[in-house]
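Mind looking over this structure? Questions follow.
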Amino acid sequence: MVRLENVGLRYGHGPEILKDISFVLAPGEFRFLTGPSGAGKTSLLRLLFLSMAPTRGFMSVFGQDTTQIGRSDLPLLRRRIGIVFQEFRLLDHLTTYENVALPLRVAGLAEEKYRADVMELLKWVGLAEQARVMPQVLSGGEKQRAAIARAVIAKPQLLLADEPTGNVDPALAKRLLRLFLELNRLGTTVLIATHDVQLIAQAKMPVMTLDQGQLRLAA
Amino acid sequence: MTDQASHRPEPIIPPDAAPLRTLTLAMAVMCYLAVLAAGGLVLINRSVEAWTGDLSREITVQIREIQGRNMEADLAKAEAILKTTPGVLKVTVLDEKAAIDLLEPWIGGIEGLEDLPVPRLIAIEIDPDNPPDFTALETALRNEVPGVSLDTHKRWQAELTRMARVLTTLAYAILVLIGLCAIAIVVFATRAALEANREVVEVLHLVGARDNFIARQVGGRFLRTGLTAGIIGLVLGILTFFLAAGAAPDSFAAIAQEFLSLSGNHLMQNYLALAVVPAVATLICLITSRVTLMRILKSLR
Amino acid sequence: MTDQASHRPEPIIPPDAAPLRTLTLAMAVMCYLAVLAAGGLVLINRSVEAWTGDLSREITVQIREIQGRNMEADLAKAEAILKTTPGVLKVTVLDEKAAIDLLEPWIGGIEGLEDLPVPRLIAIEIDPDNPPDFTALETALRNEVPGVSLDTHKRWQAELTRMARVLTTLAYAILVLIGLCAIAIVVFATRAALEANREVVEVLHLVGARDNFIARQVGGRFLRTGLTAGIIGLVLGILTFFLAAGAAPDSFAAIAQEFLSLSGNHLMQNYLALAVVPAVATLICLITSRVTLMRILKSLR
Amino acid sequence: MVRLENVGLRYGHGPEILKDISFVLAPGEFRFLTGPSGAGKTSLLRLLFLSMAPTRGFMSVFGQDTTQIGRSDLPLLRRRIGIVFQEFRLLDHLTTYENVALPLRVAGLAEEKYRADVMELLKWVGLAEQARVMPQVLSGGEKQRAAIARAVIAKPQLLLADEPTGNVDPALAKRLLRLFLELNRLGTTVLIATHDVQLIAQAKMPVMTLDQGQLRLAA
């Protein structure tokens, strides 16, 4: 699904943020990515999401060498990847419902087809009441849940989540973890960047740790 | 809760951002000014046409007294020739008094003018759409009446044409200036409006929207903005013409009326000239937004 | 790392936002058009002044032959009176031939004109700033020379003045129109530019900035934007005048030259008229940004 | 310092988010505020920060009845309150250094006077390297630390922090907690809204829990 070999990344002329990162994410795997703040977790997820290219090393996603992927291939690949951004990136002028439905709308689906699915998912993440309101009136945790819902609505093959429980209470975090695990059970490969040690402990899944640009894998 | 989904989905590019409102206003204003300039241009052209038309519609034949000829007979001969000339609508022989009256302001103080041999005049109205051949006419007259001369107001017409050229050049210059300014403002305002929606474009791209999909959304929004603004400018411009026509000097008002009236043979031409303005403005708006969008999209991965 | 603090602090309102750039351009363009209109107005006024000046600078005295009087003596008498009249700069007695030449185009065909008693003319140049009292002058002349009459070109002047009034009214109307459009665009663009900085204003308010502090930051930014844009528009406008002066008909060019030259008694007036444009534009920009800012601030707690 | 009596709050015509909230925050106190996502923690902090007025009940801050506080009094009161917003609210066109220094600059201090203080604080929160960069290139945790630094730079009498450790690793969270405790030792009254049970456990300070609009105090 995802393969990195000796990948390095630097921004501009700055220091190398990621150094010699190598790992493989097999289809159906579930992993955590952790490490101190500023270690490069978000940067690594950006690489996997194809929104940046590594400065060196080899990288492939869905079996495709990323250097061979052109701009016009991106939309279709992106529809197979779900992502939860650390800053959520919801659209302020659309309702919660429309924000969550956006990937489906963009993929050209008719609204009648996805309406029920979206409402069900909103109910699951506890946002049924907020379906019609705009994101700016949502609480921090509500925004985060909307972002998660948008990432998983299209049942992606690969799910990347950046700190998806930083703004929710432990009980809700557990519920969201169940959502991720359920998705994983249905075949989605999941990679979650998080600082939440409780979450990691609950899931009992392998953890990759980034520190000073190096990656360490622990079971 | 579930009924909410039955609403029409929100437009993906929000319609009421402040920069988009500025774009609408800026475009409307520039279209308005351009319509004024374009309309002014058409008006000036039509006025010049009308003036020169009036002038070339009236010519004068002057017959000088020549020793040994009978003036009245010469006048009758000339009149006969003129009346049979195709393109001549009306022939009026002015009597001696009328001729002297015309001279009055210039030589009014001269005693004994009545006894002098004053040249006699024939006023002729011609069909401006089908004017007679002046040189042939003059030769024909000369053969019969030696003292004849034709005053076609050539000098006046040349003078007027020169002035008209200056006026139209000026109007064209102003139209070009306003056009350039309009393009600059529309380009900038469009870019600002799209920059304000950069986050929307980015998120659409990130959730897997194709460039074409985004371009359609953006294009639709800017098409609507451009058309709205252009039409507002056009309507206000035409309204201003109507108001100005009411307040302007008579001759101008008449032309303006004809220009604006929903009849007349210049109708299509006039209105097409004006309608080009919002069309061009919308096109600029569309092209700029497209180019800007593509630059934003190319900068994304 | 510590040396970074020695830089001048960043302006709190960012200078390069897209809406602010749009504002700059929109203001520059509207100032440019307004300068053109204002300059055109001044030019038209000056042209009219020059024409009517030329006309009122030259008047003609006509002396009709009256039985029993000596024309040459009458001419001499009139010349003497005119030469002593205050406000008269130059007196030229035209000889008989010159008088007949003037009549030539109108009564050229009349035989024996040389033997006729043609009225004689005296051309007078007067000081336009201090013209003589025409009625008093005419009475004085009449007492000495019965056949005298004064042609002050009154009719021509009336005609010209009427035309000038139409032209200046038109120029004023255009100036007002452009002015209104400029105000509308500047108001909208300023609001959009400030709306784009709403987050900055909010954060400043939330970290304990007084309204005055925020208003100073915002005012400074918009003052700079307004002045920059206004001056760009002004300079481009004056440049356009220079270019136009080169390409325009001679009489116009001369006036344009005088208008723009750095000498001449109308200098201050001309340039002040133009400089008002960016000043007013900047003022509008400042007032709008202030009003908008206050509305934003009032909506915050 | 802060007193609330039967305070109620609703947004527009929505349901009542806060119901009959009554508590007192004595000068020098240190408390946590917790509760499930969407319970109204951020809303309560907004009340204390005077950026909203309660729809009913009595409320005083620094001994002043908040209904008596006019708009023109706000700036001076705000300078005595430090706040960490859940969404950070850093200014994108200013450097990290300038963002942190903003409250001092706004209060009219000359740059020479605060330069050293700001740099020292940046070092403490681990942002010395990032002092010159703009917030948009900071990582999530780095932004959060910049927001915290901005809230404490002016040594406020009252510190309100909304989820201040949601984006940082546990080690860094502990370090930030030390900063808050140090500030509290110097006299600042501190109220921290958080979901982080570890943080609460470490600090051993009283906890207020919001649930369904009601407040519960636990030692």
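Every chain is named by a letter (A, B, C and D) in the order it is written, and numbering of its residues begins at 1.
The rule is simple: a residue touches a chain if its C-beta (ideal position, glycine included) is under 8 Å from a C-beta of that chain, and two chains touch if they have at least 3 such contacts.
Here the structure is a predicted model, which is why all the values come from computation and not from measurement.
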Connectivity without chain B (remaining chains kept where they are): one piece
Chain B and chain A - chains in contact with each: none
Remotest chain, chain A as reference, centres from CA atoms: C
Cα-centroid distance, chain A relative to chain D, in whole angstrom: 29
Euclidean distance of C-alpha centroids - chain A vs chain C, Å: 68
Rounded Å distance between chain B and chain C, as computed from the means of their C-alpha atoms: 26
Cα-centroid distance, chain C relative to chain D, in whole angstrom: 62
Set of chain A residues in contact with two or more other chains: none
Shared interface positions of chain C, touching two or more other chains: none
Touch-based graph of the chains, sorted into line, ring, star, complete or other: ring
Listing of all chain pairs that touch each other, if any do: A-B, A-D, B-C, C-D
Residues of chain B touching chain A in the complex: 1-2, 4-5, 9-10, 12, 14, 199-200, 202-211, 213, 298, 300-301
Complex interface listing, chain A residues touching chain D: 11, 34-38, 42, 86-87, 126, 137, 139-142, 144-145, 162-163, 166-173, 195, 197-198
Interfacial residue positions of chain C with respect to chain B in the complex: 18-19, 21-22, 25-26, 29, 32-33, 36, 62, 64-65, 103, 106-107, 109-112, 116-119, 147, 149, 166, 173-174, 177-178, 181, 184-185, 188-189, 191-192, 195-196, 240, 244, 248-249
Residues of chain D touching chain C in the complex: 49-53, 71-72, 74-76, 78-79, 83, 89, 91, 93-95, 97-98, 102-103, 105-108, 111, 115-116, 118-119, 128-129, 131-132, 150
